[in-house]
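Paired with subunit B in one complex and with subunit C in the other, subunit A is shared by the two complexes that follow.
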Partner chain A sequence: MTAITGIVSGVPIRRVAIDWSRPIFVLLTVVLSVLVVLPLGWLGYYAVTDQSGSLSLANFRALVSDATLRRPFIVAITMALSVGLLSCAIATPLAWIVARTDMPARTLVRGLVMASFVTPPFLGAIAWEILAAPNSGIINAVYRWLFDLDPYEYLVDIYTLSGLVFAIACYTFPYVFTLVTNALERVPTELEEASAILGGGLWTTLRKVTVPLVLPAMLAGSLIAVLQALTMFGSPAILALPANFHVITTKIWSLFQYPPKPGLAAAAALPLLLVTILLLWTQRRILGRRGYTTVGGKSGSARITVLGRWKWLALGFTFLVLSLTVLMPYAALVKTALTRTVAEPLTFESFTLHHIWFVFFEFSATQLALRNTFLLGFLTATIGTAIALVVAYLVTRGSSRGAPLLGYLATAPVAIPGIVLGVGLFLSYSSPILPLYGTLWILLIAFLTIEMPAGYQQLSSAFKSVHVELEEAGRILGATRMTTLRTITAPLLRSNVVAAWCFVFIGTIRELSATILLTTADTKLVSVIIYDLNESGDLGAISVLGIMLLMVSFAVVFLANRLPLLGGVRVAPVRG
Partner chain B sequence: MSRRYRVWEDALAFLELADLTMRYGAMTVVDRVDLNVEKGNLVCLLGPSGCGKTTTLRLIAGFITPKGGEIHVGGRTISSAGWSEPPERRGMSMIFQSYALWPHMTVRENIGYGLSLRKMQSAEIVRLVDKILDVTRLKPLAERYPGELSGGQQQRVSLARALVVEPEILLLDEPLSNLDANLREEMRFEIRRLHDAYRYTTVYVTHDQAEAMTTADLIVVMNQGRIEQAGSPEEIYERPQSEFVARFLGGTNILKGRWLDADTVECGPLKLRCGTGDFSAGGDGVVSVRHHDIVLDAKPQGDGPNRAQGTVLRQVYLGSHRDYLIELPGGAQIRTVAEPHLAIDRGQPVWLHFPQEHCRALAR
Partner chain C sequence: MTRPMFDRRSVVAGLLLSTALGSIPALAQAPAPYQVTPELIEAAKKEGTVTFYTATDVAVSEKVGSAFEAKYPGIKVKVERSGSERVFQRLSQEYGSSIHNADVVETSDAVHFVLFKRNGWLAQAVPAEVAKDWPKEAKDADGYYAAYRAHLSVIGYNSKQVRAEDAPKSHADLLDPKWRGRIVKAHPGYSGTVMTGTDVLSRALGWEFFEKLGKQRIMQVQSSTEPPKKLAQGERSIEADGNEYNMFMLKESGVPVEIVYATEGTPIAIGHGGIMKNAPHPNAAKLFYSFLFDQETQQLNSDSGGLRSFHPRVKEKETRTPLSKIKLLYSDPVKLEPNIEMIKKKYEEYFGT
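So, the complex of A and B:
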């Protein structure tokens, strides 16, 4: 080559620079494997061995033959499917009204639906206990007072399977709502106009074009609702146990009560894990074919249906849904927090600050639980976001061949129900080798694992939204990889990082499913205190704690959106 | 073996690609490319999407490392198989297809970024940025954010940001493809004007032949990872060496037949005596004749080679000319243009003349 051109090839100067990506990559792989693979490994091991440690299928045999173990599965699946159906039935019309009609106050409706998203489901279940318990429930009390009935008459009973389905659906329907609203807004206007110009009326177009286009979103959202219901611990524990029936999660928990049967619990956790994986896989497949909801790209604003007189029907429906899911439960919590007993109406005489005083100054467990909860929230959010950030960077910008593996590891916990992870972690860290059970560390590990997928997905989509050419432009102008990260990537991602941090923080301070198996007297958290107080029937104190938890969550969301110091990337609005 | 294009035999190449190869898995994207670019020249890599031109540019920038071959700048190796100097040490700058303006920095901050990395005094940075803002007519927009600019303005910021650092080599990756037609034409001349003013050695990637013709000193036509032909715009247009190049630049008729003798190809009833091209091949022959080089008549104009009678299949009035599609007796279809006032209806016979000097025999 050089002979022809007459140019002597310069000897490449190889500067000795330490390539940090390799050790960081190995470290992260180890950390994520410990978080994900270790607990599942122990889970599998305990499921297929007996007390002496030899291989045995006795646990699975018990699972199939023992009716008290078999029944919770059937009940749970019935409950979860009903929740899915109910969520879809509530959310789809609401989504259409909000996304596609001229009903007033649509933004407010969105905000309130998001509020029910932020509400911890177990808190909602307690609120509905206050409202619809057969004896003390406010609704039943009002019913008796209105019709002057006997003290044992009641209108609604929340301690039933249908009551449980309702209470859970109140907090799972936002999943369907969000996905369907999104899909409705993204259906290109042209597709509907094409139907209209060919003679399709409002109903025909809705039935033949719009609904089929958003059907994947409806299905996917419903599946998430099913998944949430199936893996939820708090609401069933609060509403099903008093009614003397079990679902899978509560059954697994009961197997840890004295005398503990960890092997059986592990065996019972495995089918739940499999169902979860199956549901998620189905959901991915449905959404993976989403392509056709966005076909035809350039959609303007969505087609808005003018409601006219139907406006009142839409408003009525919306108000009913929001009353049941947000307004009434919140009102019940506030009332209970401020009155002496549940049954009294909130009046000038019955008003009391006793519960607030009790929770914050008398009840000894609160101080510790508050400290633990916020410490763990802060640590999980900070460490989790940091790990997710590096993993997302390595995967989206990675030249390393193993990078996708890290992505899978970080996403995998999404398929592990909290209670299953709780069992796995209990088995992993109660051994004498790593005695972390009873410390805050085991909770930190649990929360990091649970929140990793959410944090990772947020940040990796954020990295994908920062066009790689923005970084290359920095490199070619003379900035090293680190300088580019510091001056270009980091400022562009700042708001996403803050959002991910908040998301993880809020998720952590409300966690109960895994916590309930891993907590001890010294490591109580606010969510556990609420659960304990429910056992002792102290609804006033619960309401105070619950409202505080909600206020902290809303405050974090609000601060993240407002503070320019934290999240404010000064991106001016794009002008047409 | 690799083909080598030496356009300026005497000139010492400033940027040299030698046997450059890039593969992704089993797919070879850049296939043993050899290219020399003289200092101060603007070379255009032209080709359809997927021809390897952008990959070649990214290899030059150092964003990716070649699997084979080398890249030299001024005699210094900056890339070789499995090794490449990082982009930040190459003294280049680049204009991206997406412009890649940083949305969190103002126009002034975007442009000053490269200078501040060069450890300059801030007063000096302000002076240089002001100067380039003047040249690119962006002064009134200096404190705006990229999101507040139109596409054309963003394009100019991107140009200013790349030029202000006085790069050794300037790289442009389809810089005009996001602009509308009028603006695109204006920016073509703008890029050429700025190049004439600064004379940076420039590599420009495009799929638009008009863009290449306007801006380039040297056009390199690429196809399937290889260089099809390299030369000045006149050379590429007037003396294409392959069917691919002839078709890619300007409309042409490709006629296929067999060599009759030293300079004549027989295409069915039509015998074409060729004036230029590659006469070395025997057997199958390919001839290219540009649309506007064919003479069309309503009356017979004599017999002999390079003449044929045909039937009008379609004619369209386009203002400056009429566009005709003619069918020859063998079934071959010929596109040609005629004066706007020469209107011949569909189905009517016409007589075509293919002037010998415009019939170009192609090797491939």
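So, the complex of A and C:
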């Protein structure tokens, strides 16, 4: 009944209401272009000019001919692909266990995976140094003690390429996990039931129905992991340099040491951009035209597999993954925060509160850095999610012909290593016209640019999984595009929006590579003081700061997920 | 259309390249030394803050800051500590975009002060103490900067893992195959101290030394404050280079590390300090700068920081070997500056990064 009146009254309304999607589209194109194209433009300009500003390909010639520049590329790509594979291999079974089985403590597991996601990778890398350095690492010390071995014997060495891959994957697998869990929860039961009815066992159903349906999420997640690894600076700086090799980001960073070569650095960043575009293009090709819309107007809740005796295997696997990624690194940080030196075991004699005292009362940078970090995290997350939401909507719903362009603009920053983006932004915003360097604004712009792909990816994959029929219903009833987005789609995606907000918030407070070139005395951030402390080897103080950063991040994520306004009440699976 | 780009280019040249292109200030005589007067203190108090860019170990520089705040209540010290090259990079970036945050700057890389002076970024100022007591070699003839501290880059070992008689006595000893995989070393692209050390050692021992050392599977760290801490952790048994003052501090707090003054000689790094010409708090800067060279501050640096001082009345702890008994290798920053690129290239060739 109401629907009929809606249609009737809808006709005149539609004539009056303005469709805001057009002006918003134009505005967003301008905003994203400024965010993305401006720094990229300066980079491009620097890459193809020489000292005097005239056109030159010298930088590219150096790139091709100099082995010390070529090698880091090969190493970085090997590393990033391995990280992607490893993340996917860890995360997919874990996601299935959590989303689709009756294993106990699943909520706890989700919480702990969230913990590993919140952990800044550079902090994880430092924790893994404490655990798995060949001589002083706790694991190796225990190994020697257990088997009564000579000094210098070791089980694991974190200062290797495989060590680096491992230490990065520990903190990138949650990307795959989150996306795959979400997808698994949304696989329509009818399809799996159909497979079961036709005689397909658990394994067949998984292989032929479930996995293909979550493949986009697996690929999207692994892709994020690969790109994260490729553009990551902190972990390689901490683990690869001691092992005497460069990846491309550390190499680019070293090009800024005295005498700096910004042109060469800019040129070195361009192949990364190409690799990324290639990856994104491959992803599209693989997914092709197959439809993967899984949330429609009619679907039931996810089927739960009863594990029975296999429960122990699932629990064992889960415990192993969480020990390596969360429990052991955290324990190592807590231990280091409370002992005098890293080498000592935690006992009554070695126990000290000195590091905590130092961080809060002697180290003058702490308070300012904390305030800046959380202010920027909050602003970036809020503004960034809002922009990403609208962009994702306009792109996935193909509102206008230029819409895909917006998508590319929002994804492009993913290809730029933070450190290079830092330089691009620095060049763009240090001019007398836009004197933003030295203020928090330049950091806000940097973080919005850096985090846009993560927010956009999250929300666009969410949009793809919501069937357009629900919106069409709204449109038929006379609502404009923006009204449908506000009243139908956004509430449906509430938990995704909160997730995206958290993604961006966490991404911001742990950002290091662009930040390191953009902070000044008054705009210090926690990640930078941790890095500064690491270069002087103050592991105790780092542990204190790191634990504090983690606790506050947790609190924020927890609150965001609890507030009813923000979707704390889990949206029940949508039914027709 | 190209005009603004050219401007930008020159801005960047100033901030990132910050080099020989800068203007050369006309050579001037050192100005008359200044005293700390009640008027200076009053003016400094009105400014209320002084920002100190420093490369000295963070615990030590925070102590110096607190000592100043205690002596002159009402003036806050903002300590900005990073590695020398980061301090330099940050200052160059800031000056390139006309941000003048720093009042007083101090790094362990003497080359920086050659460049700062050449770029005209420093103010001339000679505290009375420096004029009276500092040797000629430890201050700028034109009064732009003076040696706030000096320290050595030393070989060292963990005495729990290595017995004194087995420990290396010289740089040549580091090439012994038994140390393969057991040495930690800092990086010249990152650490001014190690750049200075690499310069003088490559002259004294030849590049073959580094070529061979590169085959020892060393652990490469960045800052020269780091190798002593890796020794303390027991992560590596030997350091090929590292700050002497970190070794002092660790040793004196009971950590089993020992210093070796190599028979071929030990590189010395002189860390200058100076006042920025565009200091936002010029009076507080002058007051603080003078404070840095006071006997008490220099004594504090020596006692709690293990730094070497040019102040003649500073008393070093008796357990420390006096400079006069150590064979020192001096580097000339003016000659080193044009070679930096070559040294980094060679280093990457032999060590991988």
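Methods note: the second predicted complex is superposed on the first by the 363 of 576 C-alpha atoms of A that agree within 3 Å, B and C clash if a C-alpha of one lies under 4 Å from a C-alpha of the other, contacts with A are read in each partner's own complex, and residues count from 1 in each chain.
The rule we apply is simple: contacts are C-beta pairs under 8 Å (C-beta built on N, C-alpha and C of every residue); 3 or more make two chains touch, one makes a residue touch a chain.
What you are looking at is a predicted structure, and each value in this text was computed from that prediction instead of being measured.
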{"item": "Contacts of A:S254 with subunit B and subunit C, given as first, second, both or neither", "value": "second"}
{"item": "Subunit B versus subunit C as contact partner of A:Y437, first or second or both or neither", "value": "second"}
{"item": "Subunit B versus subunit C as contact partner of A:S461, first or second or both or neither", "value": "neither"}
{"item": "Which of subunit B and subunit C A:A479 touches, first, second, both or neither", "value": "first"}
{"item": "A:Y152 touches, of subunit B and subunit C: first, second, both or neither?", "value": "second"}
{"item": "Subunit B versus subunit C, judged by how many residues of subunit A each one touches", "value": "C"}
{"item": "Subunit B versus subunit C as contact partner of A:T382, first or second or both or neither", "value": "neither"}
{"item": "Subunit B and subunit C footprints on subunit A, overlapping residues", "value": "none"}
{"item": "Touching residues on subunit A, where the partner in the complex is subunit B", "value": "1, 4-14, 467, 469-470, 472-481, 483, 487-488, 491-492, 569-575"}
{"item": "Parts of subunit B lying in touch with subunit A, wherever the complex brings them together", "value": "4, 12-13, 16, 18-19, 36, 61-63, 70, 72, 75-78, 80, 83, 85-94, 96-98, 100-104, 113-114, 117-118, 144-145, 147-148, 161-162, 165, 171"}
{"item": "Residue numbers on subunit C that touch subunit A, as the complex places them", "value": "2, 4-6, 8-9, 11-13, 15-17, 19, 51, 57-59, 62, 65, 77-83, 85-86, 88-90, 93-94, 96-99, 101-102, 161, 181-182, 187, 189-190, 217-223, 225-226, 228-230, 232-237, 255, 340-341, 344, 348-349, 351-353"}
{"item": "Interfacial residue positions of subunit A with respect to subunit C in the complex", "value": "45, 49, 51-53, 68, 133-136, 151-152, 159, 241-246, 250, 254, 256-260, 262, 341-343, 358, 362-365, 426-427, 430-432, 435, 437-438, 517, 520-522, 532-533, 535-538"}
